[in-house]
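Next up: the structures, one after another.
Note that chain A is present in both complexes that follow, paired respectively with chain B and with chain C.
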Partner chain A sequence: MACRRGGGHGQPTLATLSRVSPGSLSTCRTHTHNICMVSDFFYPNMGGVESHIYQLSQCLIERGHKVIIVTHAYGNRKGIRYLTKGLKVYYLPLKVMYNQSTATTLFHSLPLLRYIFVRERVTIIHSHSSFSAMAHDALFHAKTMGIQTVFTDHSLFGFADVSSVLTNKLLTVSLCDTNHIICVSYTSKENTVLRAALNPEIVSVIPNAVDPTDFTPDPFRRHDSVITIVVVSRLVYRKGTDLLSGIIPELCQKYQNLNFIIGGEGPKRIILEEVRERYQLHDRVRLLGALEHKDVRNVLVQGHIFLNTSLTEAFCMAIVEAASCGLQVVSTRVGGIPEVLPENLIILCEPSVKSLCEGLEKAIFQLNSGTLLTPENIHNIVKTFYTWRNVAERTEKVYDWVSMEAVLPMDKRLDRLISHCGPVTGYIFALLAVFDFVFLVFLRWMTPDSIIDVAVDATGPRGAWTHQCSHSEKGGENNEMSKTR
Partner chain B sequence: MEGERSFSDVCGGRLVLQCRYYSPSCREFCVSCPRLSLRSVTAVTCSVWLAAYGLFILCENSMILSAAIFITLLGLLGYLHFVKIDQETLLIIDSVGIQMTSSYASGKESTNFIEMSKVKDVVINEAIYMQKVIYYLCILLKDPVEPHGISQVVPVFQSAKPRLDCLIEVYRSCQEILAHQQAASASP
Partner chain C sequence: MMCTQPITNTKEAKWQKVLYERQPFPDNYVDRRFLEELRKNIYARKYQYWAVVFESSVVVQQLCSVCVFVVIWWYMDEGLLAPHWLFGAGLASSLLGYVLFDFIDRGEGRKKSGRTRWADLKSALVFITFTYGFSPVLKTLTESVSTDTIYAMSVFMLLGHLIFFDYGANAAIVSSTLSLNMAIFASVCLASRLPRSLHAFIMVTFAIQIFALWPMLQKKLKACTPRSYVGVTLLFAFSAFGGLLSISAVGAILFALLLISISCLCPFYLIRLQLFKENIHGPWDEAEIKEDLSRFLS
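Let's turn to the complex of A and B:
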């Protein structure tokens, strides 16, 4: 923690870096950050958050920052791993409680997280997903340690039922003293600001992106004698699988040359199987089960129309991927979906069986009359919309802002918690914050920062991997591990 | 580089690293921890005894006191004989192999030898240990079936746990010998 003291005002990043790595800054830009991404969700688990973290980290590494990822252990995969370009991932042995989210006691993760933050000389904590307990833990501890914090919210919530009332309260507590919040769409921003009672000025909107080279159209893979509707989503309530089970028999009766391909796995798969059984549609409805990310494109290109039946969605990656593969998208008008694609590429419907059937019929009519854009055209339009490099650039700006800001000192933080989170919760969490601070002081006494080894950087301005890749820079003074001399 | 140097372990304790260079192809590294101090023995004994007296006052059974004597004695013997390692030695000889010896406080020694033909490389790795993330030196063993695979990872200086600066010292020396050995095995 030596690097963090005295860096409260002015340019903490510069002060930090010059103390940690004197002399190595001349070749680099002045604003490089040591970023730590924290989330319960990372590979080998599959999903939007996971690929978001991975792609964003890769692009930030490309831009010269040091990035590490902290997540919990997945089965046998624990310890420290390196991914492409020296992206370092800590799989911490914490107990998983529910839905791949770790159990939280708010304190038990502090020793390990503090050790990692100190040894990696982290300057910005970037937490992902409000479902992840570990992300909130990390935010809480980072604020205690005086590190700048950024949070990305990937999902929408309701306001009415008990569980969302509770999560919204926790989110209020967690975000009230976070430096900056990133949302993936304007709808999501509105939702987050309302749920967590935030000042909208500290909330930025940075959409997700897709890798357009992974999702290219291939019109020869599909059979033009039949019309194929593709659905790729987890088969859960949130993704509207119940709607899908209403749509399938209705449309199959109406159109004889209509097929469905459904990719994904989940608890609602059983109702789709029931529908298939009852209406004898085994040859026309194919259930593929869980898909690996690399197979998604091969499934998408077999179809003409992509159907998305989500009931809530902050930013739908699946429809961008489908449009990038050249499919006509039919989707429910919920959450941030209307912002995602321009009107000529998407048909929006209300989340009901009737409206979705009308939307699909419209798409089928357009397809039969030949008024749809060709897959190549759609791909060329979509590929300019969402790129990871753009996302990384915008995220970098957020980091630059945040690094200029001061972290709230303890007394102001307690004031903020008490005044912002209501009388009961405020005092409880203020007390917890004090406990956290006392625990941190104890840990600093047990293992002072000076006896924690500074980790050998794999990425960033002093990165051992980046230096090895580009020999133009004066590499080789700090990569004891990877070079034999 | 020959001689004694003082380092610290991951918990902040003191360690002494002795390097002995017998010949260009034979080196020995010896990491020794401070011996068991009288103070810590006294502290542990006192606390066990205090606890035993507390229990004795509560249930007034003198069996507890005699049990406490046995527990401290057996505990001390067991600790010295099975747990407390005073010295760990890594002897690396070009074209012969690597020998790791750990000597316990009681004088017991356990030795582990790895043939050079089985050694793939010596590397520094990092791992999560208790509530810490530490660096450790380890020997990678070749997989007999698959030439590029690794069958086993053998950690070195397992009980001393020196910090990175000490490990780098040992690592560099080991790599010099390994490089020498590879050059020798490649040339004829």
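Let's turn to the complex of A and C:
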């Protein structure tokens, strides 16, 4: 813990890059940070968490910070890769256990992670997703090493069943001494505060964002002789595919000029196919199967109305993407969805076939009577709501605040664990924290921090990439090169 | 908390629970409305003491069945009960139960399942013939296993039978097949320690009667005539207690205490512990689909 800040890289230097929109909120002095994003979920896996990490990192690099990403190896993709703007990604050789999450023993990842944290002179660990074992491992080790920690929670959990009782307990342990937590919506914040028994003051709400330039409307792509309802989601129970299977026959019988386009794949696809077969709707219900992220926009712009039937959702990027493409959104009123879009852009329904059909009929009526906003108008309203630059700016403020905080020393950390996590769990994890510390001391004796090479910075204030490319701007493409360690 | 914010118009601006508007509050702001949608114990059930006691009778019955089974085995093993008597009594009570089974609900259950009496007779005959034919094998099957092992195994199997038995709870651990199999395995184990193969045959038949047929009749009694079910349970409990008393007084007292604690103390504790229940609900809960969606597919 002693020699962490010796390198001089963590020293505060004023950000040299121009701020995007200074605004009223950014009055405090900004330091640059060496940030390490850790999550099991990253490209080539696709999803909300993955794109969040990528976009946030890009915007933070733009703001002059050094950012690296640590994830586990995906098949052949292992070692170190560089993405756009010199974003360095470590694909660590850790075994995947279930659903792309690594197995955890709490200790086996310490040697690798410590090596990375030291050679990259990391000052802040930012872990993502409560489903990721690696993220929790990294938090645990970072606290042992005396590095500041931030955690972003992307999902909602219940409290009723045994599995959520267990995961909530683990989250309590993991977050009780984490410096700051970020949630993507107010509902998610309430949920996380309850699950991990946190002080709500250390939980910030920073929503997700979408890139409005990726999701632009194109009214000429849709046929105005028919009304098209678009659904883009994984076809699983939690996304309410069962409700969709009730809505389709109900509305198709009522409106002869109504078509459905459904993008996405999943175990519930079969029931949609059964419905299509049973009601002979092959020409009116198109099932597109799995969509690549870049194709989503081209599917969205073909529709007039976007339908979201999720049963639980922390933020729901899909409805923002759809609204950004100029569609009228009809959605279930669950989780954080009511916070995401203003009332004139979304029709909220209860999660039942009847209520959703009523909502859709209302949207169809408005469409036929011409009272809906034009796609271009909707796009112009939505594009101001959520931008990655804003997210990065707000996240940066969390980093600034965290970097001024002291990391709990070992004795206080043990006290916190024991007093905060209950008598049994508290003592078990306090013991594990001590083991982790002893293991760290052993590793420091084996390979002292001083003989670990300092990595070449691609990004950040001394980043080679930033200096090279500051005059020849060439973003947008993924430049990848392998490098041996 | 975070950097000192230039909060200019906080007084006038009211915090809204929306994400699309930039509000003049720091990101970690906690409003008074924080957690206002939190609900506690909305689906919690209120229990009535006597209703819980009534439901606990299923457990009592099953404990008594195991007890009666072991007592009968002990009598057979000691030579105090002739196999003919047990067979006769078992046959008579089975016939009585069979008639009752149809009489209680006036044959509605039979009409619904569409099972004929001929099918019942056939399966009974097949079972009796096979058990009778294999009883010499059952008798000698576990002869080489030491008696202590047999006893230990029987105890574990009967405990397993009690654990996995379908008491009506909707839990993953419940498996009536496994439960029945464990009981029959215990009976085969114990039967092999009896003097002759006729004993073994009758022991296994009796096990089927008490572990497979008797719970079915109980279930029907409980559903159709709760009053008589309470009477039958009490009678059964007393006979189990009496049987155990004739073997060991201490065992009988312990058994009685067990039954009383299950049927009286445990319900009391269940109701007391309800006061400490804190079931949290809120907008983050996964929505439930309440309608029957299969109608769209059929």
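Methods note: the second predicted complex is superposed on the first by the 441 of 485 C-alpha atoms of A that agree within 3 Å, B and C clash if a C-alpha of one lies under 4 Å from a C-alpha of the other, contacts with A are read in each partner's own complex, and residues count from 1 in each chain.
Here is the rule we go by: a contact is a pair of C-beta atoms (placed from the backbone, for glycine too) under 8 Å apart; a residue touches a chain by one contact, two chains touch by 3 or more.
Values in this document were obtained by computation on a predicted structure and should not be read as measured data.
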Chain B and chain C placed together on chain A: clash or fit? fit
Discussion item. One more residue to check, A:Thr312. First (chain B), second (chain C), both or neither?
Written reply: second
Practice item. Could you say whether A:Leu112 touches chain B, chain C, both of them, or neither, answering first, second, both or neither? Key: first
*Would you check which partner chain A:Ala160 touches, where first means chain B only, second means chain C only, and both and neither mean what they say?*
second
Is A:Leu194 touching anything from chain B or chain C once the two structures are fitted on A? First, second, both or neither. second
A:Ala455 contacts which: chain B (first), chain C (second), both, neither?
-> first
**OP:** Answer with first, second, both or neither: which of chain B and chain C does A:Pro351 touch in the superposed model?
**Re:** second
- [ ] Identify the partner contact of A:Val424: answer first if only chain B is touched, second if only chain C is, both if each is, neither if none is.
- [x] neither
Partner touching more residues of chain A, chain B vs chain C, is chain C
After fitting on chain A, the minimum C-alpha spacing between chain B and chain C in angstrom comes out at 33
Note: overlapping chain A surface for chain B and chain C spans none
Residue positions on chain A within touch of chain C in the complex are 24-25, 27-28, 156-160, 185-188, 190-191, 193-194, 200-207, 238, 240, 242-243, 245-246, 249-250, 271, 274-275, 278, 311-312, 315, 332, 334-336, 338-342, 351-354, 385-386, 394, 397-398, 400-401
The chain A residues in contact with chain B across the complex are 78-80, 90, 92-93, 111-112, 115-116, 119, 447-448, 451, 453, 455-456, 480-481, 484-485
Per the touch rule above, chain C residues touching chain A in the complex are 1-6, 8, 17-20, 24, 26-28, 30, 34-35, 37-38, 279-291, 293, 296-297
The chain B residues in contact with chain A across the complex are 8, 10-12, 123-124, 126-128, 131-135, 163-164, 168, 171-172, 175, 178-179
